[in-house]
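Pasting the structures in now, so scroll down.
The same subunit A turns up in both complexes below, where it pairs with subunit B and then with subunit C.
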Partner chain A sequence: MNSPLNPSPNAPLNAPRVIVVGTGPAGVRAAQVLVQAGLRPVVVEENARDGGQIYRRQPLGFKRPYTKLYGSEAAKAQALHRDFEALRPHLELHTDTLAWNLTAGELHVVREGQPQTLPFDALLVCSGATDRLMPVPGWDQAGCYSLGAAQIALKAQACAIGRQVVFMGSGPLLYLVASQYQQAGARVAAVLDTAPARKSWAALRGLLARPRLALRGLALMQGLRRAGVPLLQGVSPLRIEGDAALGVQAVVVKDARGASHRFECDAVGLGWHLRAEAQLADLGGCQFDFEPLSRQWLPRIDSDGRSSQAGLYLAGDGVRILGADGAEAAGRLAALAALADLGHAQGQALHASEAPALRQTLARMDRFRAGLAQAFPWPHAQAASLPDEAVVCRCEGITAGTLRHCVSELDSHELNRAKAFSRVGMGRCQGRFCGHAAAEVVASQCGLPIEQVGRLRSQAPVKPLMMNTREVQP
Partner chain B sequence: MTDPTLPTPPRPGRFVRLAEADRPTLHLQIDGQPATALAGDTLLVALLQHGRRVRDSEFGGTPRAGFCLMGACQDCWVWTPEGRRLRACSTPVEAGLQVLTRPPAQHWPPTQDLQQSLARHGGQP
Partner chain C sequence: MSQGDLQDSDVLILGGGLMGSTTAFFLRQQHGLSVTLLERELVGRQASGTNFGNVRRQGRELFQMPLANRARAVWGRVKELLGEDLEFVPYGHLRVCYTERQAAIIEQHAHDVRPLGLNLEILNARQLQQRWGIFSPGVVAGSYSPEDGHANPRLAGPAFARAARRAGARIVEHAEVVQVERDGLGFVAHTADGRRFRAAQLLVACGAWSKRLAEQFGEHAPLDPRGPQMGVTEPLPYAIGPSIGLSSPIEHEGLYFRQITRGNIVFGGGLKGPADAERVRAASRPDNILRQMRELRRFVPAFENVQLIRVWSGIEGYTPDWQPVMGHSARVNGLHYAFGFNGEGFAISPGVGETMAELIATGQTSIDLSRFAIGRFAGAVARAA
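On to the complex of A and B.
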């Protein structure tokens, strides 16, 4: 087996060492560029198989065809999987491997308790995204899942998360997952969108940047309505009811006119768009900027995916939530930029010829992203109006009231300070699912604009390591 | 008494299989009880085919059933009888796997917390 210190026979001895983290759409397209340029990149994938989340592959032995799994995106998913298969002999793939820390010029990974330090000249982080969550009173009960989880259960395991499922949140994934469930034969009890039905002109203008995609979204909504699924827009989530024995049993919301509705269910899929998995960028010392439309901090990149740190490139939903098509373009462009920066002659030529069109594609997708963010906004006011007894941190069961107490009584007007006092953001998920809402709670409690309360600093390891993980031998 | 010749009644599982049901059956043990899964199932799916919970929260003891299914929330870690920990959403079921949804007592110092937790669930320290 080749280690990164022993370059493969088909790569020149002085070839730059390039690592790609992730094998979703961005990671695969980045690796493809590197292989085309004659390099043998190291590719680190946390899961057992390549594909990432959106084009997640079902386990070996499953038989559903691509059209069944990926619908309108079947051809793209198949192309991505096929292209990665073709790349396999030309790269060094580490599956089941977690990239848990990043220090100067070195990526720290671990596989089944065995750590390894991988030195690099250029690192492309294509770490993807997870669901962005807003707490709802009762969301810490068994049977509440993220929208992404509901989709993975179906796509990767051919299961529904329950017999009668309510989907609540906002954004394209809400309608996509609900439609996939309905078409797969699951019972969808309701689709509850916190976004108002009426969209602003600015939102519509953004959505028109990708008219076919916008129409596909409308078709999903119509399909659900035709199937008789209750579909409410402009709802305010009130609570998720249930008990310890059964878990969730109903979702109660207030509609746009103020009337209450109760939908019985045994499972809930929740989600408001996605949030970037930007921990490695943060540990690598990258600058972050506040993005006002979605009210979150994102790593700073230039038009080609260069971060503020030399040698560190960011692409895909781990830095800008543009979706799978955008991730493919961004992965290719970032890898071309990396090759150009490394002084790779062929890479420089390819970058010069391809970059303008890729930048244009990404700019159009970013207009669409802005449209989505306005048409299906993050319902930040809900964090402010969460009752004190509602759980914000589902890892450790810490309530909005406890967090607010830290703000008003302990003067925690900065998010990391509030985390230290309340432990919100310190649990097993390391703030992935409570961090954005916690920032809103802190901001509203101390009356500051959200961008002034800071952002949760990432800590290594980016995910928990086993206590028996060996120390790295020097 | 149930008649063993009758088909088993539907289990009160949380997850519902919608397709891909023609895979080979695997046998495992969940909390000492025999259980089955299909080849390719994750441990999370196997647990939630048989019941409504995966583990109990160590903060308050309420039942949990996973959350993100993509290895991000860390809310589905369970144990083997030897005390090894498994993240249920990313662990494929293997034949003969033994899994505990509550920590194996003998591998932990019998702290007050553990004793209280075991007392709640009727276990022995």
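On to the complex of A and C.
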């Protein structure tokens, strides 16, 4: 592989080329550090506007106030948007641009069919997260959305996913989105949490790392209860009922005592925390480690966000799910680390002075993350107990039974093997939404610990690429 | 496992790709010899699992035709042999071109292969358009092989290995061979984790990694690892039966595609990507991918509006004369080779397996393998030295 024309990173007069992918909290704070250090970073954003997901900006022309859009987080959202506006003249912004591939020293992007190769000395990937989904029998019917998609519909388009919505899953986003729907005037038919109501001491200790945030979560739950929304904890999802003509019509669960409940609805929002969008890190050859608490593979980073690949830095929910505040701190720290590594004098000084406090902030947030993962666990046993006919991979219509057949009849004791035999994870989403659950089904059928069946390897393009994409113009 | 555990069989196969797996299967099924197959990681990966999946006979060197015909016969009964169809569909193979000059070559080829048992139908631009209606006006002619088709390479190698195991072969995965030596009774293979396997006959079928083993026995086989550049689109309504290739002397024009019954278009061709056999890495180059898209749009304009969802590569072994190394060792009794299939091995693999099994079991084969002998490179070494 030919490496591009890298100027010596130690030459102070030769400004290093730094790229930031993503303009959520991590990306904006990373770009801010780079601009403050006198660089002119290239910033690549997949959406039409900056802001990312949690502080997603409404389309131009929409005029809802910050308090209505972002609730208790309005001030932070406003500050982030304002700060990015101020940075705009000092950076090269590519919006509506997909970073579709990554090779040694080069990021490959495309905008409306026009590709470009962007060489870099340092790349900061702040790619964010998407919902982590656990299959439920019947979730492949029309009217099933992820919690994130339900929130985007509200934030971006001011519309709800249904008139009568059941939210099911676990984690903070479950209560946040349900509250936002309830406040926006949608009828929330039920909030169904798979996590037990009683939290372990270890979980509570972790949550106390950010007491205000923990209290805010409790307040959301109380608000929903006061509004008369049925709120069940410790449920086992049984099925989503519906038909081809009308889509989903009801959600049936078993409560902690074993009693069945049926909630009528015309839409369902599902989600169990988030999963890192780590495809670019994977394509870049970064090492991944298994994180036992959340039972997922995450790119390896050091305390400052350096990946295992020189010049490649990872920050925000795309590498550790610490939430928006954590992403802001991680973005700043990773950019400082990049500057320090590039031999940038001012960056080295700033890194030396700021890094200890930022690391401390991140460590506290990581304790909170661990607490959340314990308080609202990924219900992996649910994957093991899925009926054979339940669809796991919605793109390709691959059932739990097909995956189990791959293990028991075709000797696939590794996830990519099961993919090769069954097509699981081979559809439009490339396993981003089914990969974790598929791994659980395969592992339980093999009788192996989940980390021993591996993880789906990422392959380019990061997201589908139109075949009308032209060639790079020299 | 202790050094004392020496496991004996009649034949030892190194490499669990398609060539090794099919040979193991036919050794059991037709000759009843005891077989041990050692695979470094999992059977049926790299060149065997990442290729295009063509079951194509046309366009090959004429001396490959007996092998290709033998393979096609196996493809036709693969379901009864293995209990699964490997998604083999005999919906034809179509080879088209952009120039009259290439059309003449295609026509000559049709004439040449007829006595060898392959009947090709020559089609002009109008006939191609009437029959498939997808090609750009630049496509001027083609030849259609109605009995060929395509299959799923992800399934084929592992299925042959499983069938071989059911028939009594010992298939050992995660067995990396670090050394092969000879004792009085035959070849002894040592694995990285200390196991030892012995047999009087040895087949080297390690794809791009075979060169090192051949050198251990004093034989030279120039072998260059390269990576095919493969891609797949989102699913479309199922409409295209045959596997379709563009025949061109210009390397980047030479594309091929097929539609699987799920609806996706699988494609490949053009320039190869880099591959590193030692590090087991093969890359899809971004510029190759974008060039393939350009050529696919030129070939079938409707592809313009389709989404590419995945690309991949693997490690294939290429020889200077684009012919495989297949047959007896020129120097060592009981040693055999089947490797270096130049990205064209999938279609003929069951024929290679059946032929190698015959050769190992009986010492001879009905198919002339002289053009594939490893000894053909010995002169080149001498000249280079």
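Here, the second predicted complex is superposed on the first by the 459 of 474 C-alpha atoms of A that agree within 3 Å, B and C clash if a C-alpha of one lies under 4 Å from a C-alpha of the other, contacts with A are read in each partner's own complex, and residues count from 1 in each chain.
What we mean here is this: contacts are C-beta pairs under 8 Å (C-beta built on N, C-alpha and C of every residue); 3 or more make two chains touch, one makes a residue touch a chain.
Computed from a predicted structure; not experimentally measured.
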{"item": "Partner chain in contact with A:G143 - subunit B first, subunit C second, else both or neither", "value": "first"}
{"item": "Which of subunit B and subunit C A:A349 touches, first, second, both or neither", "value": "neither"}
{"item": "First, second, both or neither for A:A158, with subunit B first and subunit C second", "value": "first"}
{"item": "Partner chain(s) touched by A:L238 [first = subunit B, second = subunit C, both, neither]", "value": "neither"}
{"item": "Which superposed partner A:E46 touches (first subunit B, second subunit C, both, neither)", "value": "first"}
{"item": "Touched partner set for A:P464, first subunit B, second subunit C, both or neither", "value": "both"}
{"item": "First (subunit B), second (subunit C), both or neither touched by A:G247", "value": "first"}
{"item": "First (subunit B), second (subunit C), both or neither touched by A:K63", "value": "first"}
{"item": "Touched partner set for A:A186, first subunit B, second subunit C, both or neither", "value": "first"}
{"item": "Subunit B or subunit C, by number of subunit A residues touched", "value": "B"}
{"item": "Common interface residues of subunit A - those touching subunit B in one complex and subunit C in the other", "value": "396, 428, 464, 466"}
{"item": "Residues on subunit C engaged by subunit A in the complex (per definition of touch)", "value": "42, 49, 154-155, 158, 162, 232-235, 262, 274, 283-287, 289-291, 293-294, 296-297, 303-312"}
{"item": "In the complex, subunit A residues that touch subunit B", "value": "46-48, 53, 58-64, 130-131, 140-146, 148-149, 152-154, 156-163, 184-186, 244-247, 266-267, 277, 394-397, 428-429, 432-433, 463-464, 466"}
{"item": "Subunit A-facing residues of subunit B, complex", "value": "14-21, 23, 39-42, 45, 48, 52-54, 57, 59-60, 62-75, 85, 90, 92"}
{"item": "Residues of subunit A defined as touching subunit C within the complex", "value": "1, 101, 103, 106, 108, 115, 117, 396, 410-411, 414, 417, 420-421, 423, 426-428, 430, 459-461, 464-472"}
